[in-house]
Amino acid sequence: MGLELRNIHKHFGPVRANDGISITVETGTLHGLLGENGAGKSTLMKVLSGFHSADSGEIVLDGKKIKLASPDDAIEAGIGMLHQDPLVFLPFSVIDNFVLGSPGGWRLDRRQATAEMQELCDRYGFSFDPHTPSRLLTVGERQQLEIVRLLWLGARVLILDEPTTGISADQRAKLFAALKSLSKEGMSVIFVSHKLEEVADLCERVTVMKRGKVVGEADMPVPPERLVEMMFGQAVQIRDRKEVAHGKSRLTVDSVRMATGLLSEESTSLEVNAGEVIGLAGMEGSGQDTFLRICSGMRSLKQGSVTVAGKDLTGKHYRDFLAADVKYLPAGRLEEGLIEGLTITEHFVLSGEDRSFFIDWAQARNRAVEQVDHFAIKGTEASTVESLSGGNQQRLLLAMLPHELSVLLMEHPTRGLDIESADWVWEQLLARREDGTSIVFASADLDELLRYSDRILVFFSGRVIGELDASSTNVDEIGLLIGGRSANPELSEGSQ
Amino acid sequence: MSGFFTAFVDMFDTATIASIVAGSSALMFATMGETINEKAGVINLSVDGSMMLAALAGFVIAFQTDIVWLGFPAAAAVGMSVALLIAFASIKLSLNQVAVGFVLFALCTQLSRFLGTNFVGRRPVGVPTWEIPGLSSIPFFGPVFFDHNLVVYLSYLTVIATFLFMYRTRKGLELQGIGERPEAAHSRGIPVNKLRYFYTALGGALIGIGGAAFSLDVKLGWSDRLTRNLGWIVLAIVIFGGWHPLRAAFGVLLFGALQAYAINLVPEFPSLSQVLPSIPFPAMILALVIVNWKRLLKWLDRYPFLRAILRSDPPTAIGTRFKVN
Amino acid sequence: MSSYRLTNLVLPISVVVASAVGLLVLAGTNPWDPLQLIVEGSIGWPPFEAGKSAKVGDTVMVWVPIALASAGLIVTFNAGMWNIGIEGQIIMGAIAAAFVAREVSAPRPLLVLLTILAGAVGGLLWGLLVGVLRTAGGVNEIFGGLGLDFVAISFTTYLIIDPWARTGVASTSGTDIFPDAALLPSSSGTRLSLLAIAIALLAIGGVWILFRGTLYGLKLKAVGANLRSSFLMGIPTNRYLLGAFMICGALAGIGGTVQATGFHFKLIPAISGGYGFLAILVVLLARYQAFWVIPISFFFAMIAVGSSQLDLRLDLNSALGGVLQGVLVLSAMFGLGWAAYRTKRQLQEASGGDSG
């Protein structure tokens, strides 16, 4: 008995997000689901909670085949999903959030609901004032609210998607205690996470996914090294990159404090020299994106300083950073980089150095044709950017970079690109080092980090948990750090 | 200066207040209607036009049949149809709500003028006065609130019902949910787009009834652009009211009072009478500036009472579309 | 922003014709007469016949403010802004022009130039106010603009019945006629002003060039299409939004000047003639393309002028013209929306068939 997924397939266009997944979760167990970003965990959970319907495959709950065409069906079947960003209505009071969506007619008996909520809260050690607006709750409390709500609705299977991102250690302890007692009462819990420590702490069984498939299953406890190997595979480490002599300090970040989610404010410092490549590792939302935003002037600082090429830019506007030849390429290419509806030529005009009032279109087109050719962009100078593939959008973004570049900050420079494009992108990036450009990039791909970085900073829960020399470290070491465990006990101390 | 003062004092007689209350019914209906559909996330920018066309429809039906009550369902049907067009354009065709609403405003306005030509100056039977026995003899409150007609009483009931529905029933909570965070509502099994159709239609019907209340009661008869600008005032009051039915109702009464004040001022300051009726608009802008003024709000957090007065809950997902992926 | 294909034009036009015929039959008239009358009343029948230049002159002088406002709206729409405050910008332009016309004495060419400049400044400032409310105050431009429209309207009325009241009578019919030196030069016996036409064409041409050939225009378009990407590219987005409102306000304000000193020759309460809102319809129908504004706004001006004859001659309400304009824009929008919906559906079905 329990929940059984049989051969689930889900495609998005050519992408096989779930490619024949079969998992069994026994009733009353805490089941961990591990996998790196893009392994297909979220898709699978969305299928289970009725957000997406699977292309093929079966879902069997307690021996009965169920059909999940909408979230409604999932709730009815007793499957409750807790999203990473809890889907609460922020201006509404706690109790209104609690009752919203519960079955029943018109009658809204807040007093009765409050009593029932209190009872559940007491049982699992949560407490919040039913009348406060939920925007005042911390992320952890919003999760607790969602959990009691799902319990109240009669959930028999509870799915938690990265629930410990953005909550305090204290709240995590509370959460785990509640989950353990729930499983004793017969609740099946699916715990989606990347934090090895937590999976080891909590789960009785674990399934590892990679590239849309199940690549491993094990009963806990299992040595973390083994889990890392299942998650990331054995990387063939090739460092065929040309070494470049590093110049003077280009970017200095001194003891900045940053808040990711709602917690963890530890100061971070980094010094990057000219021609150096720094890789930022860590699961999504661990602080590396915030760090990049601070380095680019997109986010203001509470404390600390940012210096670029000897010039103090602390508290300066984003455009002052741009003027200091700091360029930031975020991950959302069409959201935060390119402009839908405009052509390649128009993009080159916007990013070009020619500031004259009238545009010389003939010249602009020629330049665009040249660049399209030089950067091997599949498209013409008149193509609109949304018609390009992801790889070609990335090529365009690289082509748009200014000649003078002191620091280049990037998020996922090769995400969604085929190997050929990715190699090519890095060829271009590494060539920039010779002009003294420093590169700081965040990536979820350990191979990429190892191959192209000089140093790697590993982020965990909003702070740097380790700084590694890329030429002497390996996938295992990074993988463990990403999961919050350190081979070096001094570093991991205080993380729990 | 004393002129301003006497005009102000003059407003506080029973007859004036009673007339403010009686004259506000059209705005009450329409404001509740727009509040409802905006709470569900759909802006109906056509109010000024759809209200006018509905006013005509109600008038024509009442006039032709000699049964005044038949005018109201006819007007509701017109308001509802226009609203459904906006919902359809937005939900199904992915068109911009504002663009479609604006064009419908223009179209309905002109349509009401064209179709209403032959009815200008005609007078149908109005809504009969019906003082509520007992209640109407209460001193002051009786004549102010309970010596009108069924339309006026229904406008109170609509306000109270809208308030109770939104904040005291499960369905009302769902209504707020789909305009606040549709993906969260969807995850709780609430059919977002279906309900948006429904509430846009309901809001449109109330806007239509507001139109009929004007042409069949507040200003019995038909003339070119009879309800002109009332719809824009509705949009302003919804914002001024912070999307809360009771505060919006207060806004309607305040507007009525301003109008009465303006009329009282005419003898002394003939020129100002033209300026005062537009006061709701700068008031709306000011209200918007204040509710968006982060620093002020932060400071006000220390004074919960003041903060509560300045509360404004614009539905977060207003004007956006929700697509299930 | 795609432009029309032939099929997209056929549908709206047939809907318009059908609804016109339907409405007229409903109103109990022969459908042909009113339509002919609209043409006759605006450009003469047969069109542009000699000796009917007064009519053509009126139509052209209605076209000018609509075209100017439309040109301005192309700028704000491209910047992603719904400038419903356009009516107020026309009105404030007219008020500023009226102020100069009443208070300043100068030789005619200079005074005319001053009224035009004043109109531009009046509209510009009123537009800027909408922009500042939006960028600094967080007030949505639709509601800010709408509010300022009404403020402008009541300000006009206030001026007309109090400080600028006609000598002896305080009525809402308008101020005194402006002195001759302040009026737009026109050809004899008509309102037709070549200067006004030139300004309108220049404005449309200017906007066309702005978006065709200048970096400023391209940046405006970028800001309108994706505020965030534009900001990250280093474009000062707020400054560009304000710029768009100022350009639009200035053009609308000149339109207001033309209304005041070239059409009514005085300030009247409804000085904008509703042409700002009409221009929104024009631009929606023109799909934000400057070139298309010329014929469409002329067509709309024809309908506006021609249909004003309907009540006099055929006892039909002149609003018929407005109805036709509304139906045209609405059916064009729904037609394009429906076509896009169908294409998307077909694409989905095609890809669903592949993977399934």
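A few points about this structure:
We just call them A, B and C in the order they show up, numbering each chain from 1.
Here, a contact is a pair of C-beta atoms (placed from the backbone, for glycine too) under 8 Å apart; a residue touches a chain by one contact, two chains touch by 3 or more.
Please read these numbers as outputs of a predicted model, since none were measured by experiment.
When chain pairs are compared by their number of contacting C-beta pairs, B-C comes first. The greatest centre-to-centre distance from chain C, using averaged C-alpha positions, is reached by A.
Here the spacing of chain A and chain B, counted between their Cα centres, is 45 Å. One finds 48 Å separating the Cα centroids of chain A and chain C. Per-chain Cα centroids separate chain B from chain C by 28 Å. Within chain B, not a single residue touches two or more of the remaining chains. Only residues 168-174, 176-177, 180-181, 183-190, 313, 316, 325 of chain B touch chain A when the two sit together in their complex.
Chain contact summary for the complex, chain C toward chain B: residues 23, 26-27, 82, 84, 133, 137-140, 142-144, 146-151, 153-155, 157-158, 161-163, 170, 172, 277-278, 280-281, 284, 311, 316-317, 319-323, 325-327, 329-330, 333-334, 337-338, 340-341. Touching chain A in their complex are the following residues of chain C: 1, 213-216, 218-219, 221-222, 225-226, 228-236, 351, 355-356. Residue ranges on chain A touching chain C, taken from their complex, read 11, 13, 55, 318-319, 322, 328, 330, 335-342, 346, 349-351, 355-359, 361.
Contacts from chain A toward chain B in the complex involve residues 49, 51-52, 70-72, 75-76, 81, 83, 87-92, 96, 99-102, 104-108.
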